[in-house]
């Protein structure tokens, strides 16, 4: 695979999002994913949920990974956490480097020390991501005691402080509450406070606002932005919603069928999307003041167990032509800090 | 919480009332002339008349029920026709013997089923999981009376590790060790079905909980496996396990009948069996009343424990 | 994958249209497969090898039962005292002989003619009665439905096995009484299955819509509710058939069911009990047969449940 590309003299897929020399890049990326392939062995064949994904996140940066469900964005996140259920899942190849250190191949014991304290994660549905039978205090305290060298009383103080940081009123009283006594917005705040208490350098937020009301969504997003700056924490934001992306992200990676289709800064991707799939996603989002029905992208994503050759988006692409059905296009650098996977960019 | 328990207790009363009607009607199930059938073909006319008067068979049925119920409530369960002793004196000690057997079986079922079910769920599709599933599926289908014979043949007749029958040896000291020696085979035979049911249930409840978001969230927080499985997952999987274990504990009272008959364990099942063979309906009624009452009580207890495990119900 | 992509593109570089047709054909096939739920059910069941093996085993047993006089090598009641208690592999008697010198294989085959109907017929009758009760109770939940379910609640206060033994015992031995006791203890369980399913269906929108259109209750129950209630009932009925076969044999084993010398798996097990120490095969054979039949019904029931559950079809 690599040999073929090398012979053709084009950038290999694996080199991902590395910035061109001379750009104003910080010293070293916080997280660097290279040519990651996460497969699931099922009785219907190998499902290639993540099939050669590369991206990187710099310290203190917010990277949004955008795509429809099944595009592999969540599986990538679970691969980073080392939480892909195995069997049936497995990481077939690639590298996940946290501050230069490859996480793939680390023992479960080593990962325990990384999860929570260096990479934390919050989930889509705050209604189901807290254990219903324990109080907020017991759930926060056990994580703090697990990762930080403090005593019980101190853990309680940290918990109260963190609840206050995420603007939960009367935090000492809330500690004694069970999850069912809190609203969805409050629970997501508790989830965020719980992660902040462990002082991670990267927070993975998997659709953190999708299950919430619109007004609460906005509050949670501004809270994330606020604590991100305050704690100088990088955020990997997984979403399908460009509205969310525009509010808080610095950079975007668009994923489809287990691959990155386009990456760029938020501004350039919204103003001049170059991949037809990015354009389709952008035009399918609702806009204020625009009437008429939403434009959904027609068709269904390809079968990941047994994909046919050709661009995975070809069957749904508005700009498809015969040449699209031949081969998977390469992810090609088309400008500083910008890459696109489309055959047009090859011939351009 | 106390209010919930009280409500459940009140809800049980009409059920117990219904139970008393069903048990009373047992007497009406006896084919032909009840008194004559109960006493058998060699009974004299006077004896038949005496029994008819004792059971009140010549009175209207609602009167019969009423007098039966009032004497039951006063603790008078009637007299055994065959043995001519009060039913309560006959049934109560036997019931305690059955509790020993059923309790031992339940202990075996939980002590093996709970850890095995957890292990199978945590290592789904592993070798341990497959083997325990095979055993659970076979255990649930194995006829108890046949399993008892198999155990008796192997461990009592061939290997001679355990006695074939009874609860104590005639020449033994009747102490706890002697009892235990007699208890092993019947307890294992009776435990097979609840063990299979509990193993499968623990496995499926744990699997259901392990898939939940908060378990992934705990793992993502870097909590160790033991904390995730034994504290959080098990605690959340517990309510259905408690309910079904309560139900199985009740079923054990029925399941012991076969093993008591085969191993001559002097429990309520054997007593019931002998009473049925002798058509001694008052003893059948008394035994069934004990069993049903205990069964209802066990399920009530399980319900209250389940409610206690639920923070929403506990708070109110 | 990537290699094949590259080689394929090199060998047939301008074949885009062919590829496109391939895509479209595959999508159309996916749509077609999603259409027929019966087909999906069949595919799912066929994939369940244990369930298929169980169905095959039960079919063979039923065929042997029907053609018992042809299949059985001997008369099940004819004794050859000279060969009493001979074990497995005795010449001409592959499963050995019992305490009276009767051929165990022949008794096993003829025994199915008692042991299967004595359990399966009551399950069918109880299912029919329960469907009636459960549909009424689930559809008219207040009043009559409440009454039916409260009465049945009483039967949940007894351990099933004890209740059935007491009923069968008081009624006296014999096949009809065993069947009656099984029917009585099964009705509360199956009715609850029907009731729960009916209740769920009756609240669905399409039922409300049918009501709004003025369809009669009877029509809604038979036309819309019944078909949706059948699958949980079939699953439950299948699983319980195995349990009831074991239970009916248990009653006969205790001497409360059919009586000797009739060939029945429970009676055969009981007859082996007295010679357990010297000829364990006499009670082992019918016991294993009961185990296999119960196992097959359980596995078939599990398979049907999984195949009927749309969530598990994947």
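Going in written order, the chains are labelled A, B and C, and every chain counts its residues from 1.
We take it that a contact is a pair of C-beta atoms (placed from the backbone, for glycine too) under 8 Å apart; a residue touches a chain by one contact, two chains touch by 3 or more.
What you are looking at is a predicted structure, and each value in this text was computed from that prediction instead of being measured.
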| item | value |
| --- | --- |
| Geometric centre: closest chain by C-alpha means | C |
| Greatest separation from chain B - chain, by CA centre | A |
| Averaged-CA centre spacing for the pair chain C and chain B, given as whole angstrom | 25 |
| Rounded Å distance between chain A and chain B, as computed from the means of their C-alpha atoms | 54 |
| Chain A-chain C separation of Cα centroids, rounded to whole Å | 49 |
| Residues on chain B engaged by chain A in the complex (per definition of touch) | 125, 212-214, 216-225, 227, 232, 235-236, 309-312, 315 |
| Residue ranges of chain B touching chain C (in the complex, touch as defined) | 14-16, 18-19, 21-22, 26, 29-31, 137-138, 140-146, 149-150, 152-153, 157, 250-255, 257-258, 261-262, 269, 272-273, 276-277, 279, 281, 284, 288, 291-292, 295-296 |
| Interfacial residue positions of chain C with respect to chain B in the complex | 150-151, 153-163, 165-167, 169-172, 242, 246, 249-250, 253-256, 269, 272-273, 276-277, 280, 283-284, 286-288, 290-291, 294-295, 298-299 |
| Chain A to chain B touching residues, read off their complex | 81, 83, 87, 108, 111-117, 120-125, 128-134, 142-143, 146-147, 178, 180, 191, 194-195, 198, 204 |
